[in-house]
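Each of the next two complexes has chain A plus one other chain: chain B in the first, chain C in the second.
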Partner chain A sequence: MLLGTIVYAIINSVILIMMSIGFNLTFGISGISNFAYGALYIFSAFSTYMLLQMVGLPYPVAALVSIVLTAAIGALMYRFILMRVRGQVLSEVIATFGIGLAILEFFRYLGFVGVEYALPVFIDDSFMIGEVYVDAQRLIIVASSVVLVGLLWLFVHYTSVGLAFRGIAQDERTALTFGMDSDWIATLSVSLGAALAAIAATVIIPLGTISVSQGYDVLINALAVSIIGGLGSTGGVIVASLVVGFAQRFTDTYIGSHWTMIVSLAAILLVLVIKPSGLYGKQKELEERI
Partner chain B sequence: MKKRKERIDRGIKVRSEDIFALSSWREMLYFAAPRVIPVAVFILLPLVLGDYWQRVYLSVAVFALLAISWDILSQSGMISLGQALFFGMGAYCSGVLNHYFGISPFLTIPIAAVVGGAICTVMLLPVLRLRGVYFSMVTLIIPLMLERVIEATKIFGGTEGLSGLDVLPSKWLEMYILVAAMIAALFGFRRMMTSDYGLVLTGIKDNDRSVMNAGINIYWFKIQALFIASAVGAFAGAMMTHVYRFVGMPVFALDYSILPIAAVMVGGPGSFAGAVLGAFILVPLSEALRALGGLRIVFYGVFLVVFVVGMPEGIFHFIARKYSQFERWAEVDK
Partner chain C sequence: MSETPLLEVKGLTKSFGGVQAVNGISFTLNKGDLLGIIGPNGSGKTTTVNLISGFVKATSGRVIFKGRDITNMPPYKIVRLGIARTFQMVKPFYQLPAFKNMIIPLYSPRVKALAGGKYGDRDAVALDLLEEVGFERDNQVAYKAASVLPQGYLKRLELAKAISLQPDIMILDELFSGLSLAEVASIVPIIEKLLLEGKTIIMIEHRLKELFRIASRVIVLNFGEKIADGVAKEVMESDEVKKAYLGSEE
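Take a look at the complex of A and B:
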């Protein structure tokens, strides 16, 4: 019982990390809060589904194409809409929220609702960890998340684009004097965030079905985790995901499943009271606190 | 030859803003028309509308109140994505008071406006210490989470909600309470924002640190603005509860958050008139588009993007400019 709870709590936390890392990365680099994040997640899932079922591409190709497509949409969204309102928080928030809403509700309007909209699992198998059954897909999620976080760390520490990301994140004006084009970096950051949402969708969606309301859930989870961890801090996302993931799973097992939402809500409000910038939100603390 | 557009205040505007307003009927009319005509329309409209469109007019007034409440917050530097929180809190307060304690709607509505507003303010207190997107994020999350909490814990009727609540004695009474509230909010808050009190709120939005430098406790002012805005939203929710005789999970739905923002964006932020104008455009439009079903929300989303990027000043400011200024092409000096 306890072992099972712990194993599933870890998996739950890893899913939360996957869901929120892209949102947090975009915010950390360019300061854009992408409220269309959940919509991009669902968009990528549906486009994989359509490529798979209607065009008939093989599964890996379909998944790859839809990840690229989602990243392209992120880049276009920045280039054509967000760039015009850059720096005005109000307009950025409303514009991204409007885009997300339009995408999600358009899918609902087209009638993409039902249990038949699902993606197949990668490997249909299950393993025993101690006395706990875990299916292969969940292990793939954990493995791919570890690989992804590792690759991201290498990317931002050892490539020139990655270093430019960090430069812009630390001080945009100083970075500009070193010849980093902040608009291109911001385009790439929104696009990378969208790609991470698509990757998360590709590995997580096979656990269940694709539904439009999940788009809002993903956004809520990403926001909750990012607020608790501290906006823009990747370490914060990982710690906050573990905290929320374990808290949710343990209340689910020992108190009752309907208390899980209250736990996340209470966690957000508590963190805001005690440490307003989040657990690890040191980087932007001076700008955000008043 | 280069030209630039020059905008000059009309002479009649300059004169009628001063004591000369008393000098001629024409100037008095110029000054009074934009205020008197809308009020007359608001009051007379219910008399000429049929039953169905009276209902629509009720929801226009409710959304106008929510949009005004959004505009108060945005003018104080807080961008809410969750007007549904205020609306739903007011709706549940009055619903619970009426259903469990049998208090009459004449008491539950004012109590719900105050208590609901206070609860929302307390819930959002922790976010006030941060600037930027935090307020938007938390206001977006809380109503969606409260919906889940009600669904899961089955308090206050759970998914079924509370139905069969008391209704106000006559439909004219509920109509005119809402219309009066809308007019009072529109003109009252316009006046508030031009007073010194409003100046502090706008100052907090523009530069909070310099307001602090002036020795003003900005948290206290933000709390007051938040309470005013959430009380207005809660009042709208409480009224709607007694009109529909029902309160349930849909009061926290995303519609109540999106439509007010869309209304302000279309009408024009920063002047409550824009919020009301936006509600008068969008709510009947969405009734007319009812056949499209879910596509309506897609339209709201597109409206938001188009107006934020393409016409950030909104319709009201455009009209106001045409009314008070004329434009001409002038040569650029060499």
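Take a look at the complex of A and C:
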């Protein structure tokens, strides 16, 4: 039982990493809290479903087109709306939350509700880890997460756009003095964040069904992990996902599933009280103020 | 035939609400000049260079660089055209070693364009540039994180980043502030070397003695207006400048 709990806690943590890494990346680079993040996740899932079931595209093509479409929506969101309110944190939150609400509730209005809205698993198989059965889709999620985090690390350390991302993330004014177009980089950051939400949806959604309410859950998970880890810190997201992922799974197994959400929320409260900028947060001014 | 100025500033004006921060300033800058901009606190020095470098939008007036109107262009475009600047408050990438701080400017679009798309060995270029501004190779200071470097090295790092962009004009905003006499004395020869190489520089400074050693021309601002323009010695003998710095005797 313990091994099974550990294995599924690791998988749960990886799912949390996948769900939050895009939200955190966008915030880390451009300082924008994209509250439409969960809606983009669901948009991508429904888009893949429609391209697959209604248009008849092959699954990989449908998924790829959905990821590109979601990334494009992220870019358009920045160019047409967020660019005008950039730097006004409350306006950014209201604007993105409004866009998210509109997307999610539009799907509900169109009647996209029911168990028939689901995506097929990539490989219908399962494997034994020790004495624990794990289905192939969950292993694919773990593998995708490792590859994704690795690729992101290489991207921000070894490409000129990635270095520009880091430059803007650390200090926009300094980056501007090197000839970097901060609006272009912010567009890319929101777009890349949206694409990561879409990639997460592509690999995670086949574990269950697509529902509008999941959009809100994904946003809450992304916020929780980012707050605990420290907004903008990729290392923080990974550590926080492990903390929350293990806490959730162990609570689920040994205490009771109705306590799972309470443990997650208590973790957020505890971190906010002890270290308001999160475990690896860089916003020292928060602590200095308090 | 007179030389075409590298930079022309014509009637530059900036109002912040009811406050006239810069009021109709005009001047020219020729290639190879070092222009000092001085004046009491709040006289509009930094706003003037912010207007030139695009960090603040002008209310009226024009900035012409190499014959092209760059007024109100975004800062990143102005840098790409060849005007680099430093800031009074240095903001390095603190967690990176000093030489890695150079990597981001060395990857910049301007450097890429000048190098024909080839960057070469950036670490080597970064270390050479840092040595040029006084990061001694033997004490390995270039490999230390920016967060542990003293102010003197951080100012040198700012200068190296500006040099790395190979600009036509470098704007140095209070490069000497917060430095000891010895530190300033060690940076002055670096500026002199840049001038010998034909670089064009604008310096905002409060350290007048050191500035006057190297500036070919000085303009004095007071309450957003230019009150004097000329060689340092003549400018400082002007009654209006004395009044601005020392106050009225009345």
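The rule we apply is simple: the second predicted complex is superposed on the first by the 282 of 290 C-alpha atoms of A that agree within 3 Å, B and C clash if a C-alpha of one lies under 4 Å from a C-alpha of the other, contacts with A are read in each partner's own complex, and residues count from 1 in each chain.
Here is the rule we use: a residue touches a chain if its C-beta (ideal position, glycine included) is under 8 Å from a C-beta of that chain, and two chains touch if they have at least 3 such contacts.
Owing to the predicted nature of the structure, the values given are computational and were not obtained by experimental measurement.
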item	value
Touching partner for A:Gly98 - first (chain B), second (chain C), both, neither	first
Partner chain(s) touched by A:Leu269 [first = chain B, second = chain C, both, neither]	first
First, second, both or neither for A:Leu90, with chain B first and chain C second	first
Which partner reaches more residues of chain A (counting touched residues only), chain B or chain C	B
Which superposed partner A:Val225 touches (first chain B, second chain C, both, neither)	neither
First (chain B), second (chain C), both or neither touched by A:Asp181	second
Of all residues in chain C, those that touch chain A in their complex	53, 55, 74-77, 79-80, 84-87, 91-93, 103-105, 107-110, 112, 161-162, 165
Touching residues (chain side chain A, partner chain C) in the complex	160, 163-164, 166-167, 170-171, 173-182
Residue ranges of chain A in contact with chain B within the complex	27, 33, 35, 81, 84-85, 89-91, 93-95, 97-103, 105-106, 108-109, 216, 219-220, 223-224, 226-227, 231, 257-262, 264-265, 268-269, 272-273, 276-277, 287-290
Sites on chain B touched by chain A in the complex	74, 79, 81, 123, 126-127, 129-134, 136-138, 140-142, 144-146, 148-149, 151-153, 208-209, 212, 218, 254, 258, 261, 265, 293-295, 297-298, 300-305, 308-309, 312
